[in-house]
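First chain written, first letter: the chains are A, B and C, and each begins at residue 1.
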Amino acid sequence: EFRTENDKFSLAIQNRIQARYAIPFDSDPRSLSDLERDDSSFMIRRARTRLRGHAYWPWLQFYLQYDWSQPVLRDLTLTIDKYKWAKLWVGRGKVFYNDERVTSSANQQFVNRSIVNDLFTVDRQQGVQVFGNLFPGAWHDISYYAGVFTGLGVGESSNDDDHMMYSGRLQWNPLGGQMPFSQSDIEYHEEPALNFAVAAATNRSRCTVFATDSNSCRDLPGLAAGQDGQYRINQMMEEVRFKWRGFSMQHEMHWKEVVDTFKSQGDPARKTNMMGGLVQAGYFPHYLFPLIPKNLEFAGRYAFVDPNTGFKNDRQQEASGVVTYFFNGHLNKVNFQVSHLTIGNQSNQRYWLQWDLTF
Amino acid sequence: EFRTENDKFSLAIQNRIQARYAIPFDSDPRSLSDLERDDSSFMIRRARTRLRGHAYWPWLQFYLQYDWSQPVLRDLTLTIDKYKWAKLWVGRGKVFYNDERVTSSANQQFVNRSIVNDLFTVDRQQGVQVFGNLFPGAWHDISYYAGVFTGLGVGESSNDDDHMMYSGRLQWNPLGGQMPFSQSDIEYHEEPALNFAVAAATNRSRCTVFATDSNSCRDLPGLAAGQDGQYRINQMMEEVRFKWRGFSMQHEMHWKEVVDTFKSQGDPARKTNMMGGLVQAGYFPHYLFPLIPKNLEFAGRYAFVDPNTGFKNDRQQEASGVVTYFFNGHLNKVNFQVSHLTIGNQSNQRYWLQWDLTF
Amino acid sequence: EFRTENDKFSLAIQNRIQARYAIPFDSDPRSLSDLERDDSSFMIRRARTRLRGHAYWPWLQFYLQYDWSQPVLRDLTLTIDKYKWAKLWVGRGKVFYNDERVTSSANQQFVNRSIVNDLFTVDRQQGVQVFGNLFPGAWHDISYYAGVFTGLGVGESSNDDDHMMYSGRLQWNPLGGQMPFSQSDIEYHEEPALNFAVAAATNRSRCTVFATDSNSCRDLPGLAAGQDGQYRINQMMEEVRFKWRGFSMQHEMHWKEVVDTFKSQGDPARKTNMMGGLVQAGYFPHYLFPLIPKNLEFAGRYAFVDPNTGFKNDRQQEASGVVTYFFNGHLNKVNFQVSHLTIGNQSNQRYWLQWDLTF
């Protein structure tokens, strides 16, 4: 980290490597043929550089993140961080919507996010967000987040129509205050910490789902490629996070409605409804059995996606177990994860071995 | 900035963010349908990192510029800067042709360049340039620039034929010496400074216009995509720049001839002639009315493009006004610009709000 | 180079520019029409940044290399460098196969690699390598390298089938120990150094040749684009390297067999056999004639490729001479190379002028 003498400027550089071996396939299966793939691979899954610091005033903070293995500018934000109760965020980056997405891939409890993420994420967007923390420490300790965005992800510079994306998140922190977006109870909370949140977002554009990529505006499996302004998306989310003495638990439930505005009101294909959710819990058994190394965590997760509530037998499920050894917290860790992945009534196992190193 | 103890090497890193909100559209309209777009957008318009320094000898200077939001290597040059009267430039970067293009997007008076730029720019090229300043301080103070380039922009590594691009610029600095390529009189010139320049360039290739992009060799609107060596381009430019006591004025006039060498001599479609020009002026009113904040500038610009002098009613015009507050000169400023854009006899307004921050 | 006080972390940044002028063409010709190209060009051939250092432990080394002019992550490796006799390499980078490819483009004796390279290289891959040096200094001083990789190059994150690429290299260092992968005897070996090596690799995938590019899995000229798992490649190599008192010599011989597994056993088109080789030698004549500047080297190379041993008159040949002035060893040098390139019985000359600067 560099700092000018008068503390007018500062700059910290951080690099991260995520090396993974996946067998028999890597990406989440969405169809029966996906389940049958046999493409075991070594890969550099993520290769990121982050620049972080402040400029001109200590409260003017910048943050840039680039992934060398997927050349798109992921994050570039200016945050006016003067008042805890109201911060202003300008640029491109993650919408403060749900924990699983906002938590960095470096700070996840598992090797990767659950099968819920790819279909429900609001992802990274370009725009403006206001957020803050009210009544810190009180029983009615509240965090809020509100944003307006172009709504086509990070890969497009111009909007497709004059509709913006709007998002909001409200979080109640009854115990332990506002938790940072970081999974696993590495910090060892002596006192329990508990956060509840709800969030909603709406957008009209040609996209039905987003990815952080130069092709960021994408189509949900089964939906035709959108034309400018064709799809209205309404989505909602409910989330619980809890950490105490090496134990951590979290839960999210997602609803998403895609309205094809080019179809007439009576057309049953006009609306698609989707649902998904996850629950995961982890523990450092050292705190029960001191013989077990202190930095070893075991965790389990169940997640499901119903990609169209109007259809039967299309439910996707994930049941995963992971063992993680934290050499230096989330900065240097090795995970081994087994996932049992089900689509309808067929299933397959996936194994992941990963080393995540930040320096 | 880092420097080795013996001053054999130095390296300075600079980052720049340009965050913009555009309504109802962003890019310059070139057709009637462009004028009717309604795509208001937040965007990270530019996200650049610059490395600058010297290596092995103090006179061997390097400069690299990359834009994270548009992944192409913009500038990478080595300059042998030993003699003021003759410097040698090798690599990839801007041709020293006209002020509007050569001035960094960070040092413009307006939010963006005028409507003239995209169609007349010689842009960035790969090759060699020689330039220098003769008789500094005399009434016949002269700057010259001459270059030879591959002539397909920065996106192609090989030429399409054996014709090179040649460019030359001659500048007379009767008052105040050679001005740097930076707009607005932020420096507050006590004495008037005045520079005249003329420039010319010629190239034969498949390109009729250039952009700094991985697709750098482009076609003018209305011209068919070129084949290898199809188009000969001849262009000329005349430029005046003036700064005095917070007032600044500049003017450019451009001519461009595109010859389709695949058409026979008698064919009237063989040659396309284009014309364009701009005049802009700005002032810091604080110097007249001390109550007005010192760092506030007002400026106006008129620009026109005649994309084909053989056609009528295709004239494109821009009349813009801009208000800029310079927190830290060009390094940290906010602009608000209104443009009245006309094509033939139809027009529309465009509004731009922009924060440009270099650190 | 930066280093934390406890030496837990270190980071060195290195940049490199390779500016080249090529006439009448740049890339190696593979067909008669290639020989007739006339595209003389200035180019930034390479523009690289390297990050190198260690993290958490002195023996955990990282290395990242990016080329700004060709945006793909070239190298990103973690090496556990604790024991000379067994190092573990994880990530993406060059397979330790042959000297010509493994030697950085900055440390070559010529302007560019020979015509053998593009068709026989195993290139960069993603996976794991183990290597080490046994009995250092003894007459049976041995270096070994073994690796397993996904086998589609650096541009693909997932494998196309469940077949991995395997590679091995065995090197005997009878004189002077294990030489680093760096050409020309800049170091001036007082005592002769001699290394012999053999290597082999096998892979099954849709690729028949590799390039470090986002499109890394490529087809040999004359072979149809592959489908998943279509081609089995078996290849072998033999190599000699020698340096003594300003003189350096090296030689490689390559064999490659491409088996189209979709064709039946009896089909004569099922197997394609290729052969290629090079021999090159250089000398700093200053050591014989002290009047000649010390940093001037002359070198010559002969290389040939037989792209299909079943065909006649398709042999490609290169005879090259190069003069190099090393301002600061391989870090700052200028080369001028002439190549006489032959395909069948037609030929052409190619001239290259290049400045390679690392800082």
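Operating definition for what follows: a residue touches a chain if its C-beta (ideal position, glycine included) is under 8 Å from a C-beta of that chain, and two chains touch if they have at least 3 such contacts.
Note that the structure is predicted; figures quoted are calculated from it, not measured.
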{"item": "Interface sides of subunit A and subunit C: same vs different residues, half threshold", "value": "different"}
{"item": "Equivalent-chain rotation between subunit B and subunit A, CA atoms, steps of 5 degrees", "value": "120"}
{"item": "Separation of subunit A from subunit C, taking each centre as the mean of its C-alpha atoms, in whole Å", "value": "40"}
{"item": "Sites on subunit A at which at least two other chains make contact", "value": "71"}
{"item": "Contact footprint of subunit B on subunit A as seen in their complex", "value": "9, 11, 51, 53, 55-56, 62, 64, 66, 71-73, 76, 78, 90-92, 126-128, 148-150, 157-162, 164"}
{"item": "In the complex with subunit C, residue positions of subunit A that touch it", "value": "13, 15, 17, 19, 22, 24-27, 38-45, 47, 68-69, 71, 327-328, 332, 355, 357, 359"}
